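What follows is a set of structures to go through.
Both of the next two complexes hold chain A, though its partner changes from chain B to chain C.
On to the complex of A and B.
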């Protein structure tokens, strides 16, 4: 990725009159950290980056923005929001369009073909986080870690994030501006994580998830980071009826996690953000991917590919398989 | 202030339907101990007059404000009891039915267990009934006009009945003429009436009726709204002939540069027509139409030195500049009568319909024996050298019916009789011909049908029980390979002509109508009626009724009967002038709706739309329910991720306590 080109394009877009601000990635305050960058003026674009550390799915900021009450007579700012997206992020945008979470004329999508992100945990294990500036770059066949002016080449498989090993859409599926050429896609790895759990018997699966959900501290980070969890008033917060009790225990944790996963069935675009932000290291991606696999196998549907698609959870065909109904 | 619930529980014996399995007296005692229950009674038939009176008296005497009737399914008697409690001064929606018949006594044998279950069901109803809200149904005006889609015999009859009753009727027909399939038939079984003779007067009537607006060569483009208030948009396709000027003289068709070149739809492709044509001589309206697919001028922009039709038309009616027109109107009810398609025998290649010209369909035979047909009523075949009269004619029944291999498991109901009728007509024309009919069963169920079948058999027509496996050619002859299953003998009968008794299929274009009106199909792909026995002409969409073969194969008398039934159903809202909108519909909580539109997509009745509302200066989209269209089915509620749309009387806060009372939730 040519960073000059990226910043130049971003500056042009941010300067457009019909653009409110641009959301991209910028260097964080220390070490490997990357932060979301909100660019309102062209000058701000100089700090933008795109590197194997830009894991965050910025599409979540499209729906996270709060619509504060306007003083009487004041017109709402209807300018567009420009957004930088990787392949997976672009699917979130496409799915948001399907669900009318945003409208096409409200966004400018800047596509960043993505050769794959590093797994921050794997990276930290081998090359611990530092207070000094550090970065990771792509090389032809892997990653290059830059620390203290020293470059270390690391093979791709050693650090590649799980969601990227499984990725089928590294190139953005929708965009208004594409930065650089599309990357060569790779054969996605078999999703052994899901298969392993599938292969367990009912008791084994129960025991597995019991252990995982018992760790949940119900911080709701997974929900809040998810670009597709954008109900203003989440049913999990409701008191009448109380779908999920507030107490943190295995039963309520399970109810919460299953409700979250089911609300994302046929909608989750597998960006892996929920799992990345989970402080309890619950393999949420596995749960989401299991449901995505069911939807794909049973109904031949993949979300976030076609902004014109019928929403999966609201579609019904007379010949839909129903062999799982008791 | 929330009033204190005072509940009356009424337990029905339903004769012995309930009381033979459920100990109703014990249930009564139990119910009395439930919270807020003031009165509990049992009665042999709660739905009867004295049963209802019991409830009404109690409401007055004990000042009850919530009623539970523990009896049959709400589908059966909910309206009965709603009316009863309303008469006693209660809001009709303060009623809860506990279904202890279909969901208890009928499906259990053990009295003890069934009684225990009945108690639970009533406990659950008590938990819910106190949370019910008062609802008011509303009335809206109904437009005193009807739309009939399709002008075959079903559509014509329905339109005539409604128009005769004094209501404006719009009759929309896709093709240039009314008449439909019946116009193509020669004689009709069993009294052998001439089809045209009985149909054409009705065709003329519907064109001249002061209350009928006939929109021929037109298609319905859009239908919005609900019972009593449908907005309809119809496309009148360009005929390229001025409707008012054309006298129907036919000079244009004779002089057309491509005269008699194209297969005539009316003659099943056996006769020819010009690019400008009248589908058949008795067509109504008797106005010519230019077929844009074949007209040289319309297709290529050039026709010799100038279009001949224009040259010869004395009335100056030809107008190549004509464009499709749109008409919009409002109706209160809609009758759907698009008809059927004959089965295409190419899908049974073993019968060689595509390969052998002397293998024809029953529809083609109709045209062949018709005096107005392409041969003037002569039954002729080409034996390779000349046109001759066939000496041996075979009929095969159930082609494309009762046949799983082509996906049609149903019986088409008309083929047995039309085959018998055609055999009779051929016998009249060819007294010496050998006629065989290969059949699986003979179903002669109608009035006079069995008698007619007997008569045909006596006319030296041989019925052979067997389903032919193949038709192939041997010299000039066609060979029907079949096993006579009555004596287990394999046969190879040599014949000159084979008539395939093709069945009836739903129309290929049915999808369009389905999408326009959100109708459903039954397993056989025909339109689904609201109830197979008690509501055979209604659909799940209020104000939309079915007539004719679109609902299932029918002969002419059945079609006419159903059309008259549909017409009378359609006239109910028209005559009343008002329709009642049920109050038990879905409601959106606009404050929590996230505007995703899942409910809009999933609603089977198109009852939900997205609207833009102003929220503190911001324009946001939320769902809104059209109460006239909503049936309260709850599909939207199931699809809603933020729980923002719920059917009234079935809100989460009402049904969750009910479920909890069953003991399945903590």
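On to the complex of A and C.
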């Protein structure tokens, strides 16, 4: 993608009178790190980037902002938030629109067609993180690592993130401004991660998730990073009644993780952020993609594609399969 | 301080001498490592960077049962704690964090739950030779071979470990190990000093905190807090993985008539943490919560206990999902002073 064009467009949008701020990606504080960048003035757009390291789904910030009580006489700032989105991120925006979590006139969506992100863990294994600035760029058939002043070409398959191998929508599904031409889509890989767990018997699956959930430290980074986990009153925070105890043990951790997964069934847009941010390395993507697979296979529904769609969990058809009801 | 040598091939014998004590060491693979009990008869591998979850859980478990009771009864039952535990391979920053947190738990009243475990724990440290890229212990009062908080410091000298007792508990371990140890000559001690210096030089990041503890409260309404917290997700990764973060909540958990009172880690980055019963929240957004995290570590704690509540382990930087970097925040604080 043409970075000058990106920065020019972002500067124009940030300068608009009806825009509060723009959220994009900027270079992080060291090494490969990329951080979300909040741009209020046009000049701030000069620091924005779009690279294979821009994994973060910025749509979460649309609902993360606290609505604080205002001093008497002060009007709320109703200007729009501009947001840069990849394909998966745009699906989160579309799904938020379906659920009326946000309204269309509150956002300016800047679409970034996405050739695929690198997996930060795979990258770190082969080209270790460094304190000096380093970056990754796209080439025609893969990635170019720029580190210690040297450029190394790496084939796409070697570093492509799992969520991108499985991706069916690399081009933003909604946008107000599109940066560059759509990328060619690719054949999504078979989701072997989910199939492997599916193939285990009940005891095997239980043992697998028991091991994973036992590692959970309940930091809630998966919930907070998720653009579609935005309940004002999350059941995990309720104390009266206490739905999920604060104790950190396998039983409560399981209650938490399963509750979250079920609440995302038919809503998860598979951006993979939960798994990326988990400090305990729990393969949360598998859990959420399993439910997405069920919803797709059984009901032929995929969330976050059409902002006008009826929400999956709020729809009923007489011929919906019900063979799971005993 | 007495220094002894342990041949690496005798490492399993050294661990074997710890019978009767529970042994904890870094377990797991790669970055998922955390401190966990070692199976009897096994000698843990000490070749690792640092654990993702700090060893604070050995003295301050994420969930601790204070006592059990019956909802319809009047008796309480307290768990018995008498198991001596040895933690092997604790990094000097993490050991130092315990010395720092001791001050808090021993401030007005001695916290019985914390100190009971603390007294039963012996910390066997391992000096760092390859600091991580976000380590900055040297600028906040620590070092790759610092001994504060440790009972015994081990340094990897290639074929051997150099063992230096720091406290009586450490001396006792050396005594119990007995003849599997050899006297360490002056040259080996010097070799260790050299390694420690070399490791310290490998540390690239630093914090210049001069003037920060006194200056931070004056920056209360500074726009920097909005800037550095805008991208914060409000999750508990930074605080839960911080070796000096020590906040907890206390809850009664009931199943039928059986109940237990327990305390568990809490995080000042959560909305619920400072939410009053009235519905008022004095720290209503991520801006106030981020400001509190930095103020607590670099100002309030210094004010009260004369030490910065940050040991420079770099975990919060390594694992923040959105690259919120405490070294960078402190640089901006310094600039704003």
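By definition in this document, the second predicted complex is superposed on the first by the 326 of 326 C-alpha atoms of A that agree within 3 Å, B and C clash if a C-alpha of one lies under 4 Å from a C-alpha of the other, contacts with A are read in each partner's own complex, and residues count from 1 in each chain.
Keep this in mind: contacts are C-beta pairs under 8 Å (C-beta built on N, C-alpha and C of every residue); 3 or more make two chains touch, one makes a residue touch a chain.
A quick note: this is a predicted structure, and the numbers were derived from the prediction, not measured.
Judged by the touch definition given at the top, the superposed model places A:130 against chain C, while chain B stays out of reach. Residue contacts after overlaying the shared chain place A:41 against neither chain B nor chain C. Greater residue coverage of chain A by touch, when chain B is weighed against chain C, goes to C. In the superposition on chain A, A:76 makes contact with chain B only, not with chain C. Look at A:18: by the touch rule set out above, it reaches neither chain B nor chain C. Shared-chain residue A:211: touches no atom of chain B or chain C.
When the shared chain is aligned, chain C comes close enough to touch A:219, but chain B does not. Within chain A, the residues touching chain B in one complex and chain C in the other are 68.
Listed in rising order, the residues of chain B touching chain A in the complex are 521, 591-592, 594-602, 610, 615-621, 639, 641-644, 652-653, 656.
Contacts from chain C toward chain A in the complex involve residues 31-32, 52-53, 62-63, 133-134, 204-205, 227, 230-231, 233-237, 240-241, 249, 251, 253, 262, 264-265, 267, 270-272, 284-286, 317, 319, 321-325, 327-328. Remark: chain A residues 67-72, 74-76, 99-101, 230-235, 238, 240-241, 263, 310-311, 313-316, 318 touch chain B in the complex. Looking at the complex, you find that chain A touches chain C at residues 28-31, 33-36, 38, 56, 60-61, 64, 66, 68, 129-131, 215, 217-221, 223-225, 237, 239, 242, 245-249, 273, 276-277, 279-281.
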